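Look for chain A in each of the two complexes below; its partner is chain B in the first and chain C in the second.
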Partner chain A sequence: MAREKELTMTTILPRKDVVIVGLGWTGSILAHELTDQGLDVLAIERGPWRDTATDFNIGYAQDELRYSVRRDLFLQPAVETLTMRNDPSQTALPMRDFGSFLPGNGVGGAGVHWNGHTWRFWDSDFQIKTNLTKRYGAARIADLQVEDWGVTGAEMEPYYDQFEYLAGISGKAGNIKGKLQDGGNPFEDPRARDYPNPPMEMTYAPTLFANVGRSMGLHPFPTPSANMSRTYVNPLGITMGQCTYCGFCERFGCANYSKSSAQTTILPVLMKKANFEVRTDSEVLHVDLAAGGKSARGVTYVDTSGQEFFQPADLVLLCAYGLHNARLMMLSGIGKIYDPVTGEGTVGRNYCYQTNAGAQVFFDDKNFNPFIAAGALGQTIDDFNGDAFDHSGLDFVGGAGINCIPTNGRPIGTRPTLPGTPKWGSAWKKATVAGYKSTLGFSSQGSSYATRTNYLDLDPTYKDRFGRPLMRMTFDFPDNDIRMSNYLCDRMEEIAKASGGKQYNVARRKKGWDSVPYQSTHNTGGAIMGTDPKRSAVNSFLQSWDVPNVFVIGASAFPQNAGKNPTGTVGALAFRAADAIRTQYLRNPGAPLVQA
Partner chain B sequence: MDRHNTVRLSRRLFLSSVAMFTMTATSASFARSLSGSLPWVPLSSDPPTQVVPGGWQFFTPQEAALVEAIVDRIIPADDLSMGGKEAGCAVYIDRQLMGAFGTSSRLYTKGPFLPGLPTQGYQGEANPAQRYRAGLAAIDAFLKQRDGKTFAELQPADQDAFLTAMEAGKVELPNGVKAAGFFGLLLQNTMEGFFADPVYGGNKDMVSWRMLGFPGARYDYRDHVSKHNQAYPRPPVSIEGSPEWLVKRS
Partner chain C sequence: MRTPAATLCAGAALLAITPALGADQADQIIRGHYQAVLGDCAGCHTRPGGRPLAGGLPLATPFGALVPPNITPDHETGIGNWSQTDFRNMMKTGIGHDGVRLYPAMPYPAYTRMTEQDIADLWAYLTTVEPVSNKVEANQLPFPLNIRLSMWGWNLLNFSEASFQADPSKSAEWNRGAYIVQGAGHCGTCHTPKSFLGADQDTSFLQGASLQGWFAPDITNNAQSGLGKWSEADVATYLKTGVNAHSTASGPMAEAIENSTSEMTDSDLKAIAVYLKSLGSDTANAQAPKPDEARMVAGEAIYHDNCSACHGGDGAGAGALFPTLVGNSIVAQGNPETLARVVLAGSQAVHTAGAPTTPAMPSLAWRLKDQEIADVLTYVRGSWGNSAAPVASDDVAAVRKELVP
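Right after this comes the complex of A and B.
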């Protein structure tokens, strides 16, 4: 059908060296790097142009209903959604509204409305299968489908550094070239130098949490934050302003140039380049492959009037949200779609998420001023994250960061009350007033490890507005991850008890992933990186094994997810892919960088 | 390539000029090509429009009386705050039902519509506007049949008992209306109206924000970050401004 349309009504445009699908974090990084290389780069973005003064205006950005509840800046399900089910025996139904996760839309992507927690994964995360097998034996991970990434922590270090300096991360190093640093994370891998900015000023809740943690012999440290602790000029010469702790971060654009995003760190430079162009409000329908399916000719996209265009390009970079990268591959015939029965196929394989749980401590005599906050302002305890602790006597692998990062006091969504409080009436109101300022909250952000039956493919029934199949998500929390989360909840309960409140509550993670309440927009996998083309969709430079002039950049490349936010690793992988394209691929365009 | 020329008009001017030719434009933005500079057009921001109380846009007078009585039990007047009716929660819901929320225009509304698992979320075909119309009529019919009265005519204790039964799904409302589901929608929207910025018609005089001590749309707390465990001294502000700036409401 697409071919017939092409003959009759598709306008063919002049070719470009590079076409990028999606202008968020990864698209902007790749566009900047490849235009510096002298290439003619076009980005095609499904959503609108967005910039600080016009779209995150300081006169009305602090609007919880509009941006957090009605989600003005997010992808609307009418444009694209997914179907979901918990296991392959069920019939998947469309997520008619997004809930558990909220994909972004428009220039800047989800980087516009993230909180800004910016982590490095560890070498033990990248070489997970090798490490866990060596340390605990192959039987321990027999129920899982964990895979090595094909990179080491040391190989990733310079690219993490590049992203952290681009984005002006505020934090405290825990390990510089092997030397442990007081006040930082003692469990992190060695880094070449400290963060570009010092930690943010701490509010009361994380200060109290850190004191309790330290008194228990744990190692709290300031969460690495993409909210500026001071005015910062990044390596591109772009200035950001000091964060004002307004508490409108996640789900909001920053009106104050204080949160790193493509808008505040790259676009002011990128947009001035004559060899860069972005076409907004234009949705790529698929990548067009040459006869034989071994190379891409360009992409077909449609604009808001419904007019279809063919954009030829030598190099195609999929830089959409990870889930949308995987779907575009499926719709374009790049690689084979994963089949959980045979285990064959790579696209859609190893979809993972995040295994979170939460704790609350209620006080009578404390005022935390919850509205004085920033998206990534807080303290983290990594003593039980990843493989930082010995799992020998335990019945699971993986772990979680324990985070006290009170991001806001916005009252439609943030009204902690004692367990058992009615949801309305005078008793509700009294409890709401009592709990608003005096509740300490923290949470465990847990790893999510792949299994055979957690995967993505195309839905047989439900279609998008162009008649293309929606992607189908089949997911539930693996038993391993539930056991991990329960162990972390026991640790949180110990912290909660030691905090000295009048009462505490730990909300444990249960089987039966629910797509309705918000949990995390850390959807990973579906086009994973690796060293074996039978078990991964892209090589360690994020180049498609099947169509080598296509690179697929994003959290889609994660073989499984760690107990950390993904953006730091996504940014580092983007810089690594850009480096590989500049220094290796362009010498011999179209050739695989790694021999299968 | 002409169609890719940068739109140089402001989005609003452009939209209004398009609207003169066609009423079918549903998208707020149009394809643009941008290169060579950061695009900038004056007056291209998009602030919210202030809801002006007075009259009903979605509800009939009977429906409005019922919703006002319900929001006044969900958020009763007491020594902590005025009630939901006086705070404008019904006005808020009325205006929301006239917009994108009421028609689910942003959501995925293609069939087939099948009963789902709880983990799959709302799978009904009806949008919120339709659910309010059917749900309010069902409450009215049920109570007239059972008590010979409207909800507003019941004693507060009886109103609370009825809402409690709805919340628990222990009321069989007519026409297939699911009591617990509809109560959940009412509760969600009432809370939104009570706690949202007053620009949307509820939270009159920032009553809920004063009650909680939430300073509202303030943007700079740097002078108070390190003042741990100390009350924040300033009153709330709304997107509309502080009280003395408010337009006079009729």
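Right after this comes the complex of A and C.
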């Protein structure tokens, strides 16, 4: 009876070749590639349409209260939230406000309000299990559930290159075809060519940080940045403007066409294509499967009036935020949900995060002018990242990039004060005046490795406004990652000491992940890629093992997270999936690209 | 899954849907399609997002509203009952099927210079357009102008059937440019000032005119207000892509570029440039009055707070993204209407294959008062070598009133 009612209320629409769920970075890349292939593509986006001049108006784009404090561009928990707990023995409760991470919403997705750090993961990250086992023995990773990705660094290189040229990344190569380059990152894998744009002009803080690092025998280099160091025309013919160093990147849309996003690199061309359409303010409820559950028929979505539609399509691409990709799979019955007790099931497996810590050095005699800034303007030291250093005598695996990237000097949020300063009153005011211009900050962005009990599934109790179960996140920082982070904090302490300030403070990462203070919107895993359908949800082309006409694209595919921001790898994986669809899948639609 | 569709060029598409046509006939249709590009038929006769040539959005003329009719070959609502002679006479004389007199919003005073062959080709193309049933009430003028016979008197005063007169002393390229500009391209319809009866003032040919809330700039070679600082290649690039080193198209010109000039051949664009660059003189140019110093100081402060992030502290802009304000022809016009409009309402660049970015200037109407806009425009028009007249607060107020009636 209920089923019958549902059917009569749903409007059935004309079929499309491809339906894409979510029009952020990955959705836009896939839509562009597949419309070039001649396919008729529809993107369904839960949030609103957003474009530079109308939505990131130069007259109010830098409104810190509206965008940073009140988080105007982000997903609101009333639309979708999740429940959280630290371990399986606890009862999860809903996050009634987002804090630790801030998923995006609307056209452009989180790519609208990111900072722009654009990394390549290394071959040692992709072949991590093989590599760590060979180098340190299986016992070293016995507590972890790390997995190989099913790709090599060399296989990923051309797709990283595609994304970096699309997005106009500013940086300095460290290794071109095996030849080390002065001033770049000596630990990176070989790349075919340099970045499309030179590094940004350095401000004083990262310059000082790099000098201190070099004096200690470390290897600082300019952070690869999606903030333009100069006017750039990308391969689609789209022009981006030189960054003005205004320091309003993270949590903000860029009013100056200076930060790469779908809006500034793809949409001007994509939106003009006759074989592309986007429907905004429309939320996909689930993917509809054919009888037997082995192929998708399309998706069901609802618009803001509550009207429900069935959109048939031959190919369904889940391109939402990684967490939402995983939840849509769970709600649609694509693959089996992971069970940490039996270890069976793949959807929700290997949820990982980022293990960060920070350091501050206080000076009396320096002026860093922190308001001259950009989201990815800074210097990085990778000497202790990933497997760039020997872990033989250590009690952990993994590592972190140490980043001095003073992203902003915004008046509400940037108030560094000496430890022990009161939180309010005249003493705080005095300290904030003294600290604003003269504090050097840097941080470790640490790897996050999978364990058996960090995972995603559906909450047994709490539901969303459509009556669908919320996703439940079970997560705490693994002991391995805490040991890693402590080791990195020791290294940061050495740098802080060598900086010559009057005082320093290192804020160490502790067990007991807290969902309230902001930490990182680098949620990874849940629909991981791999070579074994028992341990991964998608193959190395991001095609579902269980429903081959569904591809799941995003950081949901990461089997674990490296000590780097994920967007570069997300973009490269999107290009790789698009290439596989264009050159392999379309020859034999509906068939698996990899035989299990 | 369908196999990927090949991209068909216009000619191949036509041949594919009309397999019975002879090659000569197909060639004529393709030539006629190009005449439709030169004449920008779609600019008026196709509604944004609507079926091709099935009728356009109302044109606001100083005399009232006219709606561009359906010119698809539909028998009931289009021009399916017209003969080729009807069409030829309409283009040449402004008198259509059944002797109906057209209003010169249809630019027959320009089209009259088209050759018989080009008009015949255009007709051949129009007969192949997909017929669309869409009834358009073209004439929405008030009495007595709604009496089409009134156009008899107008034509008597303002119009004579003409042919293009080539100038044998000039190059073939110049003559080709003149033919397009004066004929099918009907540039003067916007860029030539009008008499109180709405007829072109031939003595001011292409020297800039106000219409539909925009000022169509001087496109003669005048060094102060026209194309004097543009090279021929600059003109061609602007028409091809909507942007060049001096300016970015806005308003009705952006539409004309999208529908028409961006589709023209490179040799025709070069010819247009050669011709336009030969027009006009600088003899009448006068030094604009020097702006008040206090207004320049105020304008400079407003500029740095509101404009410089994109247009640069020195007004130089950034390539194809943010237009330079130095020597920009929109900045340099005597009439600041377009300039004020762009600041108040914002403007988005046109999408062309050569410049697909479509960067946009945001609306600043909510942020700046009329006096502030007048001051900042006065500063821009009087800085970095620009020497256009100061802008009065009332000029801005008039445009604002038009935008928010």
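By definition in this document, the second predicted complex is superposed on the first by the 590 of 596 C-alpha atoms of A that agree within 3 Å, B and C clash if a C-alpha of one lies under 4 Å from a C-alpha of the other, contacts with A are read in each partner's own complex, and residues count from 1 in each chain.
Just so it is clear, a contact is a pair of C-beta atoms (placed from the backbone, for glycine too) under 8 Å apart; a residue touches a chain by one contact, two chains touch by 3 or more.
The structure presented is a predicted model; accordingly, all values stated were derived computationally and were not measured.
After superposition onto chain A, the partners chain B and chain C occupy separate space and fit alongside each other.
Contacts of A:99 after superposition: chain B is touched, whereas chain C is not reached.
Across the overlaid complexes, the C-alpha centre of chain A sees chain B and chain C at an angle of 80°, to the nearest 10. By the touch criterion stated above, A:511 is placed in contact with neither chain B nor chain C. Of the two partner chains placed around the shared chain by superposition, neither chain B nor chain C is touched by A:193. When the shared chain is aligned, no partner comes close enough to touch A:502: not chain B, not chain C.
Touch criterion met: A:437 reaches chain B, while chain C stays clear of it. Looking at the shared chain after the overlay, A:305 reaches chain B, while chain C stays out of its contact range. By the touch criterion stated above, A:238 is placed in contact with chain C alone, chain B being left untouched. Of the two partners chain B and chain C, more residues of chain A are touched by B.
Shared-chain residue A:57: touches chain B and chain C both.
In the superposition on chain A, no contact is made by A:134 with either chain B or chain C.
Between chain B and chain C, the smallest C-alpha to C-alpha distance in the superposed model amounts to 5 Å. On chain A, the surface patch touched by chain B in one complex and by chain C in the other comprises residues 51, 53-54, 57-59, 242, 244, 246, 255-256, 268, 272. The residues of chain C lying in touch with chain A in their complex are 1-7, 306, 309-310, 318-322, 346, 348, 351, 353-364, 366-367. Chain A contributes residues 17, 37-40, 51-54, 57-59, 231, 233, 236-242, 244, 246, 255-257, 268-269, 272, 275, 314-315, 586, 589 to its touches with chain C in the complex. Those residues of chain A lying in contact with chain B across their complex are 13, 48-49, 51, 53-55, 57-60, 62-66, 69-70, 76-78, 81, 84-86, 90-91, 93-97, 99, 201-204, 207, 242, 244-247, 255-256, 267-268, 271-274, 276-282, 303-305, 307, 366-369, 371-372, 409-412, 415, 423-426, 429-430, 432-433, 436-437, 461-463, 512-516. Only residues 1, 3-4, 27-41, 44-48, 73-76, 78, 80-81, 100-101, 104-110, 112, 114, 116-123, 160, 163, 167, 187, 190-192, 195-197, 199-200, 208-209, 211-222, 224-226, 228-232, 239 of chain B touch chain A when the two sit together in their complex.
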